[in-house]
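All chains are identified by letter, namely A, B and C, in their written order; residue positions are counted from 1 within each chain.
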Amino acid sequence: MTRFFARRVAQAMLLLVVVSAGVFALAALAPGDYFAELRSDPRVDPAAIETLRARYGLDRPLAVRYGVWLGEAVRGDLGVSLAYNMPVTELLAPRAGKSLELAATAWVLGWILSLALAVGAAVRPGGWMDRTTGWLVSGLLVLPEVLLAPVLALVAARTGILRLGGFELALLALTPGVAPVLLRHGRAALKEAAGAAYVEAARARGIAGRRLWLVYIFPAAANPLISLFGMSFAGVLSGSLVVEAVTGWPGMGPLFLDSIAGRDFYVVVAVTLMMAALLAAGNLAADAMLYALDPRLRRPQ
Amino acid sequence: MTRGGGWKWAAGVLAGLYAAVLGAGYLAPYDAAEQHREAPLVAPQAVHFEGGRLVVADAISGRKVAVRWFSGGHLFGVEAPAVYFPLGSDAFGRDQFSRMLYGGRISLMAAVLGALVSLGVGLAAGLLSALGPVWLDALLMRAGEVCLALPWLYLLLGVRAFLPLALEPDTVFVLFVLLAGMLGWARPARLFRGLGLSLKQSGYVEAARGFGASRWYVARRHMLGELKGVLGTQGALLVPQFLLAEVTLSMFGLGINEPGVSWGTMLDVVREPAMLAMHPWMALPAMLLAPVIFCFQLCADAMAG
Amino acid sequence: MHWRAEAGTLCAGIVLFGMTSLAAGLRTPAEEVAKYQDLHGRVGGSLVVYQRAEPKTLNPLFGFDLSSREAIGLLQADLVHINRKTHEAEPALASGWKVSGGGRAYTLRLRRGLHFSDGEPFTAEDVVFSFQLYLDEKLNAPQRDLLVVGGKPLRVEVVDASTVRVVLSRPYAAAERLFDSIAIVPRHAVEKAYREGTADRLWPLDAKPGSVVGMGPYRLKAYTPGQSLVLERNPFYWKVDAAGRRLPYLDTIEFRFAGSEDAQLLHFVSGDAGMLSGLGARNFEYLKQEQRTRGAQLVDAGPGLEYNFLFFNLRPGAEGGDPGFQVRHGRFAQDAFRQAVSAAIDREGIVRLVYGGRAAAIWGPVTPGDRRWWDEEIPRPARSIKRARQLLGSAGFHWNAEHELLDLRGNRVEFSLVTSSSNAERRRTATVIQNDLSQLGMKVEVVPLEFRAMLDRVMRAHRFDAAIFGLASGDADPNADMNVWLSSGGMHLWNAEQTSPATGWEAEIDGLMEQQMSEMDARRRKKLFDRAQALLAEHMPLICTVSPDILAAAKAGLENFSPAVIPPYTLWNVERLYWAPGSGGAGASGAR
């Protein structure tokens, strides 16, 4: 057990190194850098742009830049934002808190709603709940947060029911985007489990109601749901970045999108690393749960 | 109505839709790129029944004109210089109905294509990971995490920079859908891996090994049965995801270029609140997407069941 | 030679005089404030402004994005300021100036007895120090190039405690305009950082409020990351109204960050924002229809200084020797080809379809909004496909049976047209032009590229056929755009940084621009520039399309709201803004 986790944590660290190297490589591939924007100002001398680039080390080879960054990152210094001229950690800390607050709430809410609806649908296949959730999934899939958020923001601004930039509006825009994937999988897994032969057998033995669900159906449906659980949080967080930018929630969404477009390199690296870490943590948690649920997964090392 | 009937009905609708977009040249009254600069942003126009004929108002002059059938190589239309937009016109005075038909060609094809690529790669990686050696499992799953975490937009922008500027619009788009599809394998892979592990746990694979090759068919049967469920579910989720991917792609100049058209580019206006408030019918493509995606879902359900 | 000062050069209604002593609690009795004789406002209230993006820094040397500039503009002041309405240079921290040495020396008289926002006195030493910062080669601030005239940096010297002299290496017309937006920073607060080599890291957003010091109408009060930047009135500001009350009127200006232009719009609709600038035409149209914003002040200030244009890559040997490009380049280089393209473009269509009528069609880079330099004589022919065909025909182009345009050798005329994917208006313009040119039988591929990718390709790598671009002059003066006009300039977009002019007309334009730069007589200067404009319009290296209107909105009751066409469009007269009694923002946060 301990060994399993030690190995996984080591893998996660390695993952972060690979991801950071990947971002460096990709960013070098994308044309233009942060100071390219100055090129569109008729009054700025190209030499000034070169000085600025040199000041931030953008003129050095990629490998050197990565090496320097990695050395400092290990000591907790994730570099400086080119736009804000401020340490990235300082820049991100207050915003990341806001993003996590929003994403976590939407995530929990999304899971509760989806599971409740999925159970409702699975209890009576073909019943009204089943059919409604089918429509709901389709409806929500067509309105992912990219499209839903602007509509909600417009309604909020015109009616004044919800405050633009408020938590409720952002939550309302984000949660529906979380739900369909969970609902779709949850519904499928539960229906599959509810229809399995040994559940039929249990039913035949007169086991019904809560006991049937808790003892027979849920454990059987748990596997895909747990896998999904692990990676869903990082997904919600990346969805929240878009929602934040549209609804005005002061998380790291607007900053991240601006940083990508503006090639504010170290900010992009830091946010990406954070997402990767959350993803790795989620998957690790999911694997731990699978491990706990099924001793047979403990493969020989 | 039972589920069994439902999916046939849905498949029929989808087949009809594919036929319609392929026949856009005949069904659409105008070319998708044809601009009528005198009639921009016209609302959907009603059809009246007068004196045994269908009559509509000319979008430019407002005069009443009769709908003509089977003329000029189109199913229906009005005599030029009058114009008629059944679902309204966009900011350049282009017929929204014709654009939806033409746009569906790329969207419907690319979405399915992207989803298939994602599923294929995901399936292979997931099963290899579950059934293969431990090191391969670790390698594939960590690689998947890397893929999920990296900002691929940079890669796409980078690739775009290396391609020649003048590419046929469709080529660029198909290219990027394929790329996106290949990059989107990580999520399905993890699910397939979970499934593979549970299959292993159920003992079929061991049993098959124990009983020799002749028993493989049992495993295959059970495996396929369960795989179909996840495949269907994932496919039903991925298709709409790829339908909408072009909205994002075109935001960064990676989508379909003018004068090409796709549903994703038509949906771009939804992000503009002023447009939505003043000309809500421009969001019509989004409304019509819902039933299409529902049909995909029904078919996926049927496949899973 | 006379002192160009105060009353003589100011716009009507503003009279400034010195030696007014007021504001109890100030130590120096002889405070030479500026007085607005026509201004009778009301002190108090707060104004909320939603910016598209968060400002990045409060450092006047290195803040170059729009949001930062907007905030810094309220915190800092300059020696001479360009009036955004009249486009004339006006006294600011300098109460007047004198030109001598045939345009080589500017003697500036500074206002006496003024103080920085931390209460420290303002002296000639601060002026010299500020220029030292801006001109420091190691710092290399983006504005440094502006202050390098004729290859040599300006020299700034102290004459006495309240007089400085600026010496240029060559005569330079309207050099006083260079001082606009050059912030006079406090030596006492900045020198230490400068000595330690950290001047570029000065005044980040999270700097302690008291540490950010300036001479602007406001000073920093609080910053909440990602949410707001609150400025409070500078109690030491050096302007007063008719009654002698110290400006500005509004107690606080609160910048909040919307994230996108559409979000900015929605915050105005919901009533959160008191003012909205940089509006797109479609959003402006929507505000006119929207019930909730009925009664708001919606102002169309007319076309601004931004000119949009299409241009062909005239750089020989670009595209890395691609033979296809060589063929295309041969066509682009023909005047008749570019003139035909210009004749075929439906400028009125672009104005109507893309900008909802809120733009002006243009045929040259000087827009009607640039009133002092706009030339009525530049021909503005209506769209004519017929004329375009004649031009092409006379240059040897012809058409095949499918109406496709072929060149002399029988090759199909096709090219790609690059535009920025994030600029919806330019993307739509490209769609109109594509359709226009298809009527000539040309095949145009529109290629929207992400903004920085596009800049990289067009400005640095020069790998493109044609592009749609927009530039806004930094100042309503030809000298601000020398980099565009001169064939050696880095922004001479169609063929940048030439060692010697590639064409006769470019050589002629070079000469005219050099001449006007040192011509001290305004009328003769305009003549020279008119001739350069005419040459450009004739040879069409830039095929100008439209100049969008500057659109802005404010809540009812915000008095003196008067958008201008030079940025900052709406906050340029921030010290004069006030809330009418009983109106919107007055009660919001601590009206008196």
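Couple of notes before you dig in:
In the analysis below, a contact is a pair of C-beta atoms (placed from the backbone, for glycine too) under 8 Å apart; a residue touches a chain by one contact, two chains touch by 3 or more.
Keep in mind it's a predicted model, so treat the numbers as computed, not measured.
In terms of which chains touch, the assembly is arranged so that all chains touch all other chains.
Compared on C-beta pairs in contact, A-B and B-C come out with A-B as the pair having more. With centres defined as mean CA coordinates, subunit C is found 40 Å away from subunit A. Centre to centre, using the average C-alpha position, subunit A and subunit B are separated by 23 Å.
Taking each chain's centre as the average of its CA atoms, subunit B and subunit C sit 43 Å apart.
The residues of subunit A that reach two or more other chains are 30-31, 150, 153-154, 157-158, listed in rising order.
Counting partner chains per residue, subunit B has residues 157, 161, 271-273, 277 touching two or more of them. Under the contact definition stated at the top, the residues of subunit C that touch 2 or more other chains are 262, 266, 290, 422, 450, 453, 456-457.
The residues of subunit A lying in touch with subunit B in their complex are 11, 14-15, 18-19, 22-23, 26-27, 29-31, 125-126, 134-135, 137-139, 141-144, 146-147, 150-151, 153-154, 157-158, 180-181, 184-185, 188, 192, 223-224, 226-228, 230-231, 234, 260, 268, 272, 275-276, 279-280, 283, 290, 294, 296-297, 299, 301.
Here subunit B touches subunit A in the complex through residues 2-3, 134, 138, 141-142, 145-146, 148-155, 157-159, 161, 187, 190-191, 193-195, 197-198, 200-201, 226, 229-230, 232-233, 236-237, 240-241, 244, 247-248, 267, 270-273, 276-277, 286, 289-291, 293-294, 297-298, 301, 304, going by the rule given at the top. Only residues 30-33, 36-49, 51-52, 55, 83-86, 90-91, 94-95, 98, 150, 153-154, 156-158, 160, 163-165, 244-248, 250-255, 257-258, 261-263 of subunit A touch subunit C when the two sit together in their complex. Interface residues of subunit B, counted against subunit C in their complex, comprise 33, 35, 37, 40, 91-93, 157, 160-161, 165-167, 169, 250-253, 257-259, 271-275, 277-278. Residues of subunit C touching subunit B in their complex: 262, 265-266, 280, 282-283, 285-286, 289-290, 346, 349, 352-354, 414-416, 418, 420-422, 424, 427-428, 430-432, 434-435, 445-450, 453, 456-457, 463-465.
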